[in-house]
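Two complexes, one shared chain (subunit A), two partners (subunit B, subunit C).
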Partner chain A sequence: MYNLLFFITLIAVGYLAGTFAERYHYRSIHLREKMFINLPAVTMKTVDYPDDKIKSAELVYGSAVISIDYFKRFTASLRNIFGGTVKSYESLIDRARREALLRMKEMAGDSRMIVNVRIETSTIGRNANKKGVGCLEAIAYGTALTLA
Partner chain B sequence: MIITNIETVPGKNIVEHFGLVSGSTIRAKHVGRDIMAGLKNLVGGELKGYTQLLQESRQQALDRMVDQARQLGANAIVNVRFSTSSVAQGAAELYVYGTAVRIE
Partner chain C sequence: MKYTPRLPKSNVNVTPTSMLREFFVLTLSLLAIVIVIYILLGFAVDLIVPRISTDLETKMSELFIRSVDAEDIDSEWRGYVQSLVEDLQKRCTKLPYPFKVHVREASSVNALAFPGGHIIVFTGLLGKITSENELAFAFAHEMGHYANRDHLRGVGRAFVFITISTFLFGTDSNISQMLAHALNITELSFSRKQETRADAFALDILNCAYGNVAGATDFLKRLPKEQDPGTIGHYFASHPENLKRISDLNKIIRDKGFKPAGKKPLPKIVQQ
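Coming up: the complex of A and B.
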């Protein structure tokens, strides 16, 4: 009985805090994405600028580790039984990658654009993932070009 | 040291190639951080301790690669790639590699 109560409390806390945290995070992501709207990050290796116009090129990177709440992990484990799209994890992946990209752009400073952007994911929080995916680490990196 | 992840350094000519240089590191956080991350997993959100861990490992791996390149007499590293893997619980392994070159 107490176990069930504990479980329900965990789910409730996870749902409330998780929803709040996600909404807060997305608001901050949208705000910063608007701020960096003039700094394109592309996966192309070359750009149309003539070489002598490019003043400098340097490696920029950013990373983020995001986890999802207990409630979403629970619904994802239910989804595992029936199969189909696991929506709970979509926001997790989206948040981690966008946050990593934004941190990369923050590092780029007054560069004109970032070329050859790559996104990597890794797993360091395995002990936190006993029930499948729990958190996701994303690294974004690219070359920031500054124009003369 | 100029580091890029494209094949060239724009606006500069590569005069000499030194071959592959790489740096890797495996770092772990103390147990307290792991417990905090476990708790944070309940409510979701960013795991700051792990983000920091990742940043430190990446910086160290980069430093090692730059040291190696400097010993070879290079002044730039092109085509840099990051690679990650997990060898142990709560530890981050980061591998960074690229081609050391000398530019004009």
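Coming up: the complex of A and C.
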């Protein structure tokens, strides 16, 4: 009985704290995306500006680490039994990637655009303990161009 | 190419469903699957149990009987209860089991039927006994479980359920441990129907051995104060409420015309 109460408490705390953190984070993401809307970040490798118009080209990157909460992990482990889209992890990946892109744009400062943008994802701390509560890292990088 | 700045209207990467809904749908369907498997395997146990020979049962019980033996205590009761059970077995039950009684130090007022004819009796029960007939009834009741093979059914289902949960969640998971704990209690006790049948069996044996059924209800009558299964603490207990059990016993005694008098005292050696 004690174990069950402990378990339910963890789930409830995971859900409440996780939902709160997620809402807060999304609000900030939406706000900053609007702020950076005039800085294009594209996957194209070349741009049709003449070379002499480009003042500088430099590497910019941003990375974000987001942790799984207990509720999401449990829901995902249930999903592992049945198969299908792991909906509880979708928002984590989405947040990590958008946050990484935003941080990359922040690093770009007053550049005109960022080209050749790549996004990569990895897990960290997955084996830190037996329970397998891990974190997700997304890193976005590209070349920031400053025009003369 | 002209760059048009705009934000996406909706987030295509995140499914717009409530996580709580996802959680409950998954939990409930898992629960439903476990229940279905449990019921199906319950039927399987019921099919298999009558077909397990006592030989096979004895062999299987040898796997864990050493740990049961290890907890036996030396007591003046040992020889007496063993000969009492052997006497009942020889004269009245003729069950195909080589019964062995294990006396164990514990305050629990109970006796257990283990596979292979190993009856475990706790000192808590022995301390409350006042006549040989009472003790004979308790043992005859456990023998009734052997006669109906309830003891195998109990172990079978517990085993099945613990296997399912370890399979789903792993051995070190909180959920498995919690289930295993709850199941130990639920599954090793018997259903009301099984208890009532064992009681009826025990009355027949008692009447056969002593020519009367004195003492059959004495013990149960003294119990309610201390071990009423109706309380929250005994939530899992499946023994019929003692009063109900006593009235069932009395009904059988009346119907079959058993004599209710003629108690035999305990031998001196075990009287404190």
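Just so we're on the same page, the second predicted complex is superposed on the first by the 141 of 148 C-alpha atoms of A that agree within 3 Å, B and C clash if a C-alpha of one lies under 4 Å from a C-alpha of the other, contacts with A are read in each partner's own complex, and residues count from 1 in each chain.
Definition applied: a contact is a pair of C-beta atoms (placed from the backbone, for glycine too) under 8 Å apart; a residue touches a chain by one contact, two chains touch by 3 or more.
What you see is a predicted model; the values in this text were computed from it and never measured.
In this overlay on subunit A, subunit B fits alongside subunit C without clashing. Contacts of A:72 after superposition on the shared chain: both subunit B and subunit C are touched. Look at A:45: by the touch rule set out above, it reaches subunit B but stays clear of subunit C.
In the superposed model, A:4 makes contact with subunit C only, not with subunit B.
In the overlay built on the shared chain, the residue A:82 is in contact with subunit C alone; subunit B does not reach it. Of the two partner chains placed by superposition, only subunit B is touched by A:118; subunit C is not.
Measured by the number of subunit A residues touched, the leading partner among subunit B and subunit C is B.
When both complexes are overlaid on chain A, the residue A:93 reaches subunit C alone and has no touch with subunit B. Look at A:33: by the touch rule set out above, it reaches subunit C but stays clear of subunit B. Taking the two complexes aligned on chain A, the least Cα distance separating subunit B from subunit C is 14 Å.
In the superposition on chain A, the residues of subunit A contacted by subunit B and by subunit C overlap at 72. Of all residues in subunit A, those touching subunit C in their complex are 3-4, 6-7, 15, 19, 33-34, 37-38, 40, 42, 48, 71-72, 74-75, 78-79, 81-82, 85, 87-88, 90-91, 93-94, 113, 130.
Interface residues of subunit C facing subunit A in the complex, by the touch rule stated above, are 1, 3, 5-7, 11, 13-15, 17, 19-20, 22-23, 26-27, 29-30, 168, 172, 174-175, 177-178, 181. Touching subunit B in their complex are the following residues of subunit A: 10, 13-14, 17-18, 21-22, 25, 45-46, 49, 51-59, 61, 63-70, 72, 99, 115-116, 118, 120-128, 134-135, 137, 139, 141-143, 145. If you check the complex, the residues on subunit B that touch subunit A are 2-7, 9-11, 34, 37-38, 40-48, 50-51, 53-55, 58, 80-86, 89-92, 94.
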